[in-house]
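Chain nomenclature is as follows: A, B, C, D, E, F, G and H, assigned in order of appearance, with residue numbering initiated at 1 for each chain independently.
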Amino acid sequence: MNKEELKNILLQVQSSALGVDEALDQIKEMPYHNLEYARIDYHRELRNGFPEVIYSPGKSLEQIQGIVTDMLKRTDSNILASRADQSVYEAILQVTDQAIYYKEARAVVVKRKEYAVSKDYIAVVTAGTSDIPVAEEAAVTAEVMGNQVKRLYDVGVAGIHRLLDNVDVINNAKVVIVIAGMEGALASVVGGLTDKPVLAVPTSIGYGANFGGISALLGMLTSCANGIGVLNIDNGFGAACLASKINHI
Amino acid sequence: MNKEELKNILLQVQSSALGVDEALDQIKEMPYHNLEYARIDYHRELRNGFPEVIYSPGKSLEQIQGIVTDMLKRTDSNILASRADQSVYEAILQVTDQAIYYKEARAVVVKRKEYAVSKDYIAVVTAGTSDIPVAEEAAVTAEVMGNQVKRLYDVGVAGIHRLLDNVDVINNAKVVIVIAGMEGALASVVGGLTDKPVLAVPTSIGYGANFGGISALLGMLTSCANGIGVLNIDNGFGAACLASKINHI
Amino acid sequence: MNKEELKNILLQVQSSALGVDEALDQIKEMPYHNLEYARIDYHRELRNGFPEVIYSPGKSLEQIQGIVTDMLKRTDSNILASRADQSVYEAILQVTDQAIYYKEARAVVVKRKEYAVSKDYIAVVTAGTSDIPVAEEAAVTAEVMGNQVKRLYDVGVAGIHRLLDNVDVINNAKVVIVIAGMEGALASVVGGLTDKPVLAVPTSIGYGANFGGISALLGMLTSCANGIGVLNIDNGFGAACLASKINHI
Amino acid sequence: MNKEELKNILLQVQSSALGVDEALDQIKEMPYHNLEYARIDYHRELRNGFPEVIYSPGKSLEQIQGIVTDMLKRTDSNILASRADQSVYEAILQVTDQAIYYKEARAVVVKRKEYAVSKDYIAVVTAGTSDIPVAEEAAVTAEVMGNQVKRLYDVGVAGIHRLLDNVDVINNAKVVIVIAGMEGALASVVGGLTDKPVLAVPTSIGYGANFGGISALLGMLTSCANGIGVLNIDNGFGAACLASKINHI
Amino acid sequence: MNKEELKNILLQVQSSALGVDEALDQIKEMPYHNLEYARIDYHRELRNGFPEVIYSPGKSLEQIQGIVTDMLKRTDSNILASRADQSVYEAILQVTDQAIYYKEARAVVVKRKEYAVSKDYIAVVTAGTSDIPVAEEAAVTAEVMGNQVKRLYDVGVAGIHRLLDNVDVINNAKVVIVIAGMEGALASVVGGLTDKPVLAVPTSIGYGANFGGISALLGMLTSCANGIGVLNIDNGFGAACLASKINHI
Amino acid sequence: MNKEELKNILLQVQSSALGVDEALDQIKEMPYHNLEYARIDYHRELRNGFPEVIYSPGKSLEQIQGIVTDMLKRTDSNILASRADQSVYEAILQVTDQAIYYKEARAVVVKRKEYAVSKDYIAVVTAGTSDIPVAEEAAVTAEVMGNQVKRLYDVGVAGIHRLLDNVDVINNAKVVIVIAGMEGALASVVGGLTDKPVLAVPTSIGYGANFGGISALLGMLTSCANGIGVLNIDNGFGAACLASKINHI
Amino acid sequence: MNKEELKNILLQVQSSALGVDEALDQIKEMPYHNLEYARIDYHRELRNGFPEVIYSPGKSLEQIQGIVTDMLKRTDSNILASRADQSVYEAILQVTDQAIYYKEARAVVVKRKEYAVSKDYIAVVTAGTSDIPVAEEAAVTAEVMGNQVKRLYDVGVAGIHRLLDNVDVINNAKVVIVIAGMEGALASVVGGLTDKPVLAVPTSIGYGANFGGISALLGMLTSCANGIGVLNIDNGFGAACLASKINHI
Amino acid sequence: MNKEELKNILLQVQSSALGVDEALDQIKEMPYHNLEYARIDYHRELRNGFPEVIYSPGKSLEQIQGIVTDMLKRTDSNILASRADQSVYEAILQVTDQAIYYKEARAVVVKRKEYAVSKDYIAVVTAGTSDIPVAEEAAVTAEVMGNQVKRLYDVGVAGIHRLLDNVDVINNAKVVIVIAGMEGALASVVGGLTDKPVLAVPTSIGYGANFGGISALLGMLTSCANGIGVLNIDNGFGAACLASKINHI
């Protein structure tokens, strides 16, 4: 609520066009619903472009069911639960039969209306086959958020012709998500090849000095290609959120 | 060069419309100039939207002068040297009197034509006064790359009304760069308030458990606000590159 | 025992008001009981305001039973076993039927008298739903120690209006415990909003660059809000101990 | 501003007891002053119990002078610049001759009225002589904030009788600040000896595996004494802020 | 494809010795096969001296079967799956009965022709018995790649005569792979004793300050013996690849 | 073999008192037995004061049986397998019925002669009950190596009177082993109280910022008490080896 | 003071053989002198075998002069200031002309009586020439504390015959201090060669993955040679303290 | 000295063809010269293929002069001092006028005979201009050791055509040294393009999350290209040693 809007409300109160209680409501309404263990943020869609997403780890199945039930009642948006395993899916199914489980992406979607499809697409690119689960989390999330997605998997730099051969897919995208584990070099090479915004997701694929994704994370943060936006390790979901915002500009 | 273009060249060779040597040139031309100590990449502007930038640390003043001289000869673009101290500025001045020194931003620009000004603007937001040098690196870089910039400094979360009072500057931007040291919490709060793409730059401002910027870096990577793109510590330059790509979509 | 007290005892010995052995007892009594594998500290309540608490991990069930049995015999205080799983609860139940299991808080209390209730309250605030187990450890511990507690859960900064709307709960508390994972930004925002002592507990909620709670820990230690006292990762118990001391001033 | 206050203002507007513009002022006044490079938070004293403090590193002397000048104009509080070296002191002296330099504490105070003196005192305890600068930062800050302070220096655990002999100073305090480098064991021993709130500040005193204070920091965070509130490495200032809040309860 | 080869093709096109489409094929052929989830790199043998190896972790059994099936069809090379557990072996057995499982080495080989045997040998040396699995990964990989291997196990420096007594095995090798956990000192001692290239593989054998192999890794990287090439922790496979390249010079 | 001994052998060869082959044997005999997967070092007792100990992790049960069998044949010493779980014990029992399992210490001893008992004793001191398994590893190892041991458990600094009350046990020892997790402060306090050599073993007891024993390890390395010898995390065995060497001086 | 002694004093008080004030003195005397900034521990020699040593860093020259002056007055021991640079030496010279500066060892000794010379010696062994300053700190400290020392420098494992050739110096010592940087492998090799207690000091000699001594530190802590006592990085002083205690057994 | 040689000497002693003292000399001769502060290893050339190199840091100029003087007397090899600054060069010049200073490589060579030139060459490749000092250390070291070197500088992956255009230089080498800072991706790309042994040197070029070279180091260790041998950060010297051994096979 900005200054002009506030002045407006006050003017209406002064002119008795608006009662004190109504004004109070408008100024101080609670844009969330309080379940004690969760305060569901129903204004997030307005502020942030997508409804609040349920991050599953650390929540009991009862809590997840309670949140979904509340969202079903108060919105008509699609609902997304991320990092969801089979048990989360089954718990949500007890609440609504509209739930779909994208297993590789570890995502449950309560699909209440068709996903929109954007004109431009987001390219989701992986270095290896083992990076695909993170890529699918990104791709499915982006699709739920109304984006067209093109997948380009297993084009890591150890066989760089596989990448060079598909540069078009990258250069015709509106934004590119690069997903790579080990040393994460793919992000630098893609960043050097295209003028499109590049978002990079390090994965925890690797062992030893990979340290659960640190090698790829540091590599992407210190890339010699300028201006790569880095997400947390294995955070395909976050990359999709940011890519979706850019794609919808 | 894609497949169609290649086929075209080959067809011209077959039909003798193009000589072998000309074809060879077109296919294998060297899109860079070799100074032995540096191979200046003159195709980067085409591929990446902005000419190669001179990263000053670790280069001798002679090398920097050599690179600038070569670029003056071969392009008519503005030239940017980042992380430049006074001595770099003076060295470049010996080569051209068009050099401008943005001291706080540690940037030298050889300004050969006016900066373009975009319709939409990039918001550059800092948590504190001490973060301003990194912010200026971002702002000046973005301006050189043809973007309008709005600066919003010292709105850290310890006095959150300073931020809430200026939400409009953030929400009317096309993309937002948040620059913060210490714990970097500003990125999360801004990320929760806006639907615009948020890029975050951790700074090395702080001491002790800040560990040269690690606390802010980790905080931004693990932000509870979804989809923040993180740059390297103190990397205002990189944030500007990515923001500029997004702003020019 | 301070100097004056010692002088007093010596004067009584000199005047034969006190026998040597009695004096010896008073000066050198053993304020703990030795079970070989544990020396239970029965003076801790005097020195520290609360009886020794049983930290369950690394102790065998037999050792825990032995300690509880000894405490039942020698004190009439309530007994608290922290970080207790179901098996600890059942082992204690074999020794006394006064045991209560606070499952979410992982705490077993042998409740031998009603908890006291303080006039002022401690606010326990969490960023997310997943932080609740640590919050419950803090809340239950504080209650056992005789404090009134108000819980305010899931008010993280990604939807800051949820927090701003409940500032009263924070400002009317005597001391505030903020519990947050990921980047832990909630501690900074609360610290900026209130003049009450703020204690912060980083949680291990998150993944990737969270590194088991390090991102939140470093964020809280380097907070731009001045004077936040930080506890160990997931240490709701410790926060309650310190808050209880402050609340009882 | 809470709900009741807001309702009140609205009622006054409705009854025309308050004009729209006055109401607007009261609701949306800017509780800070914008110097472009800094937004000085004049409501912090109300919210947080002490005026905004100038953290000197990373600010130019001109910026510091500008901030002091503005604060001199708009408040009559004492002004504190922390982490200030000689040059900061001299810069402030050019603006006001009321500046005092506490050299060991690296603090400049613009002393415009006498410091208040609390009835209860804060004990500031150090392990070694080398920890004194951090202790002085804490002690001077606490004194400026209106607290009585007792200093107890060089009572580290390698000669534990030095500590045991002064337990009274600790037990008669309202809150205790323990400052120690190396392994920081003093915090645990003090924490075990007293029922007063203990705040611990690790210092960067030490070498090798001290890693700039990490050994003391981790030691204090994992202390076997329950409920110690830990501050950032070398953060005497923060400890004083928190201790002052507790002391003023 | 180098410049001369390209000129040659172009000359053939000019002289019509080669059709445009054939030329196109030669220049832009796809040297890999796209299975969507994997792009198998069939030119790696030409470029890198050994066919693409299947790194098993993170791939589903179906994906591994698909890759093996495709490789069986398109090449006649031996096929190696590394880091393979029993289930990978059984999955491959369903596709071909030529699979052999080297259990200690965690390697599955589809053996379609005899391994070549080099004239010179690679020495594989371990510090302890517990390092043998990594050593076997190196030894089996090297043998599959056509190298003679000599094993020298359990000659760690705590009983240095065991090593000194076998210096001949080391000095008569063409290249030496040293595999050690804990502090990895064996690499330095071997490096000081021989003029043969020494490759070192730290293992994760150890506990506590070993930190999963970091102690050995850092020890090998900072060895006082000059010129040791270090591989990732537990990366027997990589050591064999490099040793094989050197042995085949 | 030192220079004098060698000269002696050569003189005997010159005088034909010793045949060439005998000399060769004496000079180059193999003081170990080669089982391919292990080279058992039978001279370690001479060089190091105790026979080679079997470190169980990473060895197959067959390998452990093979080593025990070989040692039974070639020596008459007691045999010790450290870090042994129940399955190791049972495997050794199949080879010899003289095996004893010290469960808490995770040690199997093949007891072929009574342990010697030293005149002086080693004190083994722990901070808490949870540290006892590491302490027992130290105590049992020391006893097998012929040392008298006194145990003093659960005397951590959070109740320092428990320690002060038992200072005699420490001061009458010949060498003291201090075992502590969390912040490891007990080592510093003991180190300050006694003139006996103090060896410190950090344990992995704790959570969060304990990081698997790092907090205690760093604390002990940076102790303000001078001259504490630190062992690896949880390495009770190593502490016993060193203490035994000192005790046998 | 133990129980018997205390009883004795009390009996004397009872029998009036001792006055209350004398008893008080005996029980509660202050075994240190309070200079406000330092409490000099004059009982440390009794408890710990050597007078309190002045650790110079972080102390002002005035503080050091004050401490030396006080010690000159109250004891007749030799006085040692460690980590002392030239300015410390000169400051002490102003107080007493008995000061000697051991420059390489960075130690100032106020030599008031001849150093004692032990029958047995401590061997101080270094891997390289660059480790000598730390070795000299150890050697000089040990000599001041009354020990005979033999130095064996530059016998690192990259040329292991240099070490093997001098094994006698090691085996005839009573205790061995091994000082090494880089990977610190010398400690393991010496530990495997001798039955004497081995103390290891990692040095910060090295670069890159040495990380200021971490590689050597971790290497020594995880040594495959059993029972090496490790000191802090560059802590020659501490090694001498512990070696001296062992040598004086 | 191996078994056959030893038998031979013994047989000669038996037959009196060799005196006892001569035998003693041959068996136990000291293959190094003892300067007290250094034991110069004159057999290293035999064992390791190149004379001992003087690592300058941590050595006094007097020590370096002493070592050079001794080597001039006892060998006729070229002498190399690494990591040498101007003062080292001048110190050596005082001893011999044959010293040459390779400034960029920080190397002093006492050139007493022409460098040999190998038939095959070593390729030294850098990602950027700022990596050249490390590359020159590698190149000059390799040249001194008798290798032909080809330099290929500034071909980093942000402009990958610069690299692809020069693949011949890499593929015609016998061994390739890749030198890169930041994320070090060049090593992976080169490793994927060639069948020649690739050695990788991470440099400390970069800032922030580069952490002094860690990002490049981890990236190279976890490279998706198989079998890259990694050297310590900035260790151009070590890479040259290993490359030289391989080149001389």
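Keep in mind that, in the parts below, contacts are C-beta pairs under 8 Å (C-beta built on N, C-alpha and C of every residue); 3 or more make two chains touch, one makes a residue touch a chain.
Just so we're clear, the structure is a prediction, and the values are computed from it rather than from any experiment.
The chains that touch both subunit F and subunit H are E, G.
For the two copies, subunit D and subunit G, the CA superposition rotation is 90 degrees, given to the nearest 5. Between the interfaces E-F and D-F, more contacting C-beta pairs are found at D-F.
Taking the mean of C-alpha positions as each chain's centre, the chain lying farthest from the centre of subunit D is E.
Checking B-E, F-G or D-G against F-H, more than half of the residue-numbered contact pairs recur only at B-E. Subunit A and subunit C have CA centres that are 38 Å apart.
Here the spacing of subunit C and subunit E, counted between their Cα centres, is 54 Å. Computed centre separation for the pair subunit B/subunit C is 49 angstrom, with centres defined by C-alpha atoms. Contact of a single residue of subunit B with at least two other chains is seen at positions 28, 128, 158-159, 192-193, 208-210, 217, 221-222, 226, 232-233. Every pair of chains in contact is given here: A-B, A-C, A-D, A-E, A-H, B-C, B-D, B-E, B-H, C-D, C-F, C-G, D-F, D-G, E-F, E-G, E-H, F-G, F-H, G-H. Touching subunit B in their complex are the following residues of subunit D: 28, 30-32, 36-39, 41, 43-44, 52, 55, 57-59, 63, 202, 204, 212-213, 217, 232-235. Across the complex, subunit G is touched by residues 2-3, 46-49, 53, 167-168, 174, 192-199, 217, 221-222, 226-233, 237-246, 249 of subunit F.
Note for the complex: subunit A touches subunit H at residues 127-128, 156-160, 182-185, 188-189, 191-193, 206, 208-211, 214-226. By the touch criterion stated above, subunit B contacts subunit E in their complex at residues 3, 6-7, 10-11, 13-14, 16, 20, 23-24, 27-28.
Subunit A contributes residues 128-133, 153-155, 158-159, 161-162, 165, 205, 207-210 to its touches with subunit E in the complex.
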